[in-house]
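Look at the two complexes coming up: chain A is in both, with chain B in one and chain C in the other.
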Partner chain A sequence: MQIVKLPKQNLDKFIKSLSKFGQIYAPIKKDANTSLFSKIEDSSQIDLGYNRTLLPPKKYLLPPIDSMFRFSAEAGYEEVEHGVDEKSILFGVHSCDIHGLRILDLVFSGRYVDNHYFTGRKNTSIIGLSCIPDDMCFCRSMGTDFVENGFDLFLSDIDQSYLVRIATSLGDDMVRASQSLFKEVGKEEIEKHKKKSNEMQKHFKTDIELYNLPEIMDLEYESKTWEEIGEKCLSCGSCSMVCPTCYCYDVFDELSLDGKTGERKTRWDSCLFEDYALVAGGTNFRSERSARVKNRYFHKHRGFVAQYGKPSCVGCGRCIQSCPAKINVVEVITKIRSDAYV
Partner chain B sequence: MSKPKIGIFGMTGCAGEQIVILNCEDELMDILKLLDIRSFHTAMSKNDEKCSLDIAFVEGALVHPEEEISLKEIRKRSRLLIALGTCAVWGGVAAMKNEVSRQRLKDIVYGSPGRIFKSIPAQPLHSLVKVDFSISGCPIEKEQFLQAVASLVHGDIPVLPKYAVCTECKINENTCLLLEKSELCLGPITIAGCNARCANCGIPCSGCRGPVEEANIASEVEILEERGFTLRDIYNQLRTFAGPAEAIQTHLAKR
Partner chain C sequence: MCNGTCTSDTDNIYQPHLARIVRRLPQIKDHRLFQLRLEDSEIRQNFSYRPGQFVELSIIGTGEAPISISSSPTRSGVIELCVRRIGRMTEALFRLPLNSLVGVRGPYGNGFPLEQMRGNNLLIVAGGLGMAPLRSLLWYALDNRSLFKEVILMFGAKVAEEMLFKYELLTLLDRTDMRCLLTVDKDEEGTWPAQVGVVTKLFDLFEVDPKITYAAVCGPPIMYKFVSKKLLEKKFSKDRILMSLERKMKCGVGKCGHCMIGYKYTCIDGPIFTYWDAINLPEMI
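What follows is the complex of A and B.
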């Protein structure tokens, strides 16, 4: 992979030149506590040092509420225009969130390919950005603190400059479009980057052990821990909304007042919701909250591993930050592990 | 197909739901094309008091013995009865002091004139009659009402979200007032539908839409206590809009 250097004073010009490639979305500071991805006009708006945005970038590719099609008694079904040809750039995506998008790709490219998702995906280029973990990040344990693919460019901060990894031909075009802003990487930058990488590792305060976790979880299927967290959980859904890999959605019809037409829509769902596993006839397969919390962990750290060979958690820490009941995935997994050894 | 016959009624409340319906200005003509409104005292001078109805929309709580009689009559003449608004669904603000006797409340609020009228502890409609569907809110959200009407006319029972306000609040990417600012927010146990109206403006949710079906009151109370709120403050907030709700009553009985 080709790696070049972008001096920080050139970032502004580079971002200006990027607008030729599409609308730029980047992290901004909403207020002292919250960063979020937003459309930006100007590089000065970008919050380059953010730790995690409230919602992950999935909000653009799998919108919280989306339209599938319109229907009417006379005309039948009619597809909704989604602005499919709009090119966009997600700038400043951290490694864990790129992994999150890769997980969504896996899921939506399965047996039934979700063309709507992939149309958006194909029109979205990703520019990654390095970060410094806080005490809720456990991407290192999940193997998502480094990303090999799934982006066009990746910027690693080395104080005065960024090292820019060029991963795709589109990324290469972006660099070439403002070639004069980029410099060759010298010995000094290589040393700097290695030093920064080591420093970054020292910031990790949180780890979980993944070794044979699926097996341990099978053994601990009946653990009391699930009931204990079930007692605390409020089914508020926050953890699923903020999770970069939670992809469940519900499908519903919005009917018009003419009594003849309507629209079929999707909206984010959560396996923590009381009616998530409710089916026709009134049977609810997971009416107990403890069963639903357990499902969240089993899906991410057990079922997904069986199906796709890796967990569907990227260690971003968002669910830890947003759970009112302080249910913490790292603590839950640590507890389950040590319970197994008691 | 003939238009469904509708009645819109009010028990004790602020008439907020009826005002929301009247405020559907852009949609009123469509509503009239769809529905045959037979009774709507707040808006019409000629009302049919006896005819059978396909759907009765009823707002307000029961606070007077006569309302119990009239609600039973409405129930008898209606195929479907829909509770509109938090007062009708949960008792609402009129029920916030139900633990104090009516006699005492009347004395405090009205003094001696209070003796000339009757009052019973405020109750939601379902305490007396079968309610087929509930649309809560203080007041209801116009969009939910219109969606419900559209579904009913299509012959479906409306499907409204059953999750909590937090879900909408997160989707709107609001800074969490409970976690980041330690404010008394009832979002985790309050039913969504308002699109986190208050939290969007930086104001904690006071639970005006009433609890979600499976509200974990104990956990919410524990979270708020940990953040330094007194039980008195927490209980007062819980009782402000939905005191009679079973989840809240069961919790209070335990403590």
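What follows is the complex of A and C.
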């Protein structure tokens, strides 16, 4: 992979030069404790020291509410213009969130390809950014603390400069468009980067053990732990909304006021919601909260592994931060693991 | 499996094709058989499916629901869907006049593994509305009679008034190339021309070699338990018991998550599961 150096004093100029490659979306500080990905009009808004944003960048690729198509009594069903052909740049995406997007890619490809999702994906370039983990990050356990593809450029902080990995031809175009801002990388900087990466490891305070977890999940299917968590869970669905890999959606038809035309839309859903598995006639396949909580953990750490070979969790810590009942995925998995050894 | 609805780069996999309701045949109370004809002739000609598959049916302005296909692919031209009036979507469907346009996309799901089943005996076990998807397999087998050895239908309903496709199935009683066993739990007037009693009692009426037989089962949740028990007693191996199991199949294409059980989506990995699959997936039966 090609690597160049971007001195920090050139960053602002570089971000400005990127605007000709598309609309920039980057983290901003909303208040003292909250960061968000937001549309950037002025590069001074960008806050690259953020820990985790409230919502992951999936909100751009899989919007909370999205249109599938239009319909009318006369014309039937017709495609809508989505505006996804506009180019955009997600700037400052952490490694875990890049892994999160790659997990969404797995789900929306396969035998039935969601072309709407992939059109958006193709038109969105990703510029990654290194980070320092806090006490809720467990990406190291999930193997998502580093990323080797799924971005165009990746910026790693080496104090006075960023070491910039160029992963795609588009990334190369971006660098070449403001070539004078970049410098060659010397041996010294590479060493510095390696040192920084090692230092990052020291910041981790949270780990989970993934080894044989799917098997343990099977063994602990009847564990009382699920009922205990079910008692605590409020079924609010916050963990799903903030999760970079949760993709479940509900579908609804929205009629216009004339009653003749409308749109079919998707809306984020959560497997924790009471009506998630409710079907016409009143049968609810998961009416118990404990069954829904268990299903969520099973899907992420057992089912997804069976289906795609890896868990659908990237260790970003958002669900830990957002849970009003203080349910902590790390504690749950540790508990389940200890249940298996009692 | 490309069924004329397979996608190219620009296709929207969620966009239904228009179809016209050409007939509405009343069945038992709150059940109707809808015959649909796809509007676009090319799509209509390319629309093929296998027994056990389902479509997503849209009512313009109301929504979409998964409905299993009740017709056999051996009889092309129209798709037949047997629908119970039970929710918002089906309520709207029942109100639609003849010739109305609806939306159809699919077919989805795995359907029955016909290639494996060929050359074997076929034992169809249905209860209540479970006949809706199995009717497709029944007519497929009868229209391709030479593909199977013995064909046996066991179908139970509470009372005669609640037996789906009753008149059609009663005509099968005279056929000599199959066994048609129709039972009702209760026959107070004593007029039912066939068996009386629960569906599992019918197992005593015949012998089949379980090594060369596939059982196809669909019915209310409680039935799976009793029927699988009987089949296991009859020495069926678990992968020769095929069950149609459904969940909330919303998108039909394995994306929206609602029909997930364990690590399977009922919409793409099912709705036909072997009994072995079913007992190894949590929550399945």
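In this text, the second predicted complex is superposed on the first by the 342 of 342 C-alpha atoms of A that agree within 3 Å, B and C clash if a C-alpha of one lies under 4 Å from a C-alpha of the other, contacts with A are read in each partner's own complex, and residues count from 1 in each chain.
We adopt the following convention: a contact is a pair of C-beta atoms (placed from the backbone, for glycine too) under 8 Å apart; a residue touches a chain by one contact, two chains touch by 3 or more.
Model, not experiment: these values are computed from the prediction.
Colleague: Applying the document's definition of touch, where does A:Gly237 land relative to chain B and chain C: first, second, both, or neither?
Modeller: first
Colleague: Touching A:Gly259 in the superposition: chain B (first), chain C (second), both, neither?
Modeller: Both partners.
Colleague: With the two structures laid over each other on chain A, which partner does A:Cys271 touch: chain B (first), chain C (second), both, or neither?
Modeller: Only chain C is touched by A:Cys271; chain B is not.
Colleague: Scan A:Arg289 for contacts with chain B and chain C and give back first, second, both or neither.
Modeller: first
Colleague: Quick one: is A:Val251 in contact with chain B, with chain C, with both, or with neither? Answer first, second, both or neither.
Modeller: After superposing on A, A:Val251 lies in contact with chain C but is clear of chain B.
Colleague: Looking at A:Tyr211 after the superposition, I want to know if it touches chain B, chain C, both of them or none. Which is it: first, second, both, neither?
Modeller: Neither partner.
Colleague: Residues of chain A touched: more by chain B or chain C?
Modeller: C
Colleague: Between chain B and chain C, whom does A:Asn33 touch in the aligned arrangement: first, second, both, or neither?
Modeller: Touch status of A:Asn33: first partner only.
Colleague: Quick check on my understanding: which residues of chain A belong to both its chain B contact set and its chain C contact set?
Modeller: Residues 252, 255, 259, 262, which sit in both footprints.
Colleague: Spell out the part of chain A that touches chain C in their complex, as residue ranges.
Modeller: 68-69, 71-73, 76-77, 79, 107-108, 110-116, 221, 247-253, 255, 259, 262, 264, 266, 269, 271, 276-281, 285-286, 291, 295, 298-299, 302-307
Colleague: Note which residues of chain C are touching chain A in the complex, please.
Modeller: Contacts found on chain C: 7, 9-18, 58, 60-65, 84, 86-90, 101, 103, 247-248, 250-251, 253-258, 260, 262-263, 268, 282-283.
Colleague: Residue numbers of chain B touching chain A in their complex, please.
Modeller: Counting only chain B, the residues touching chain A are 27, 30-31, 34, 146-147, 149-151, 153-154, 156, 159, 161-164, 166-167, 170-171, 173-176, 178-181, 187-189, 212-216, 218-220, 222-223.
Colleague: Name, in rising order, each residue of chain A that touches chain B in their complex.
Modeller: These residues of chain A touch chain B: 30-31, 33-34, 36, 53-55, 64, 231-238, 241-242, 252, 254-259, 262, 267-268, 270, 273-275, 289, 321-322, 324-325.
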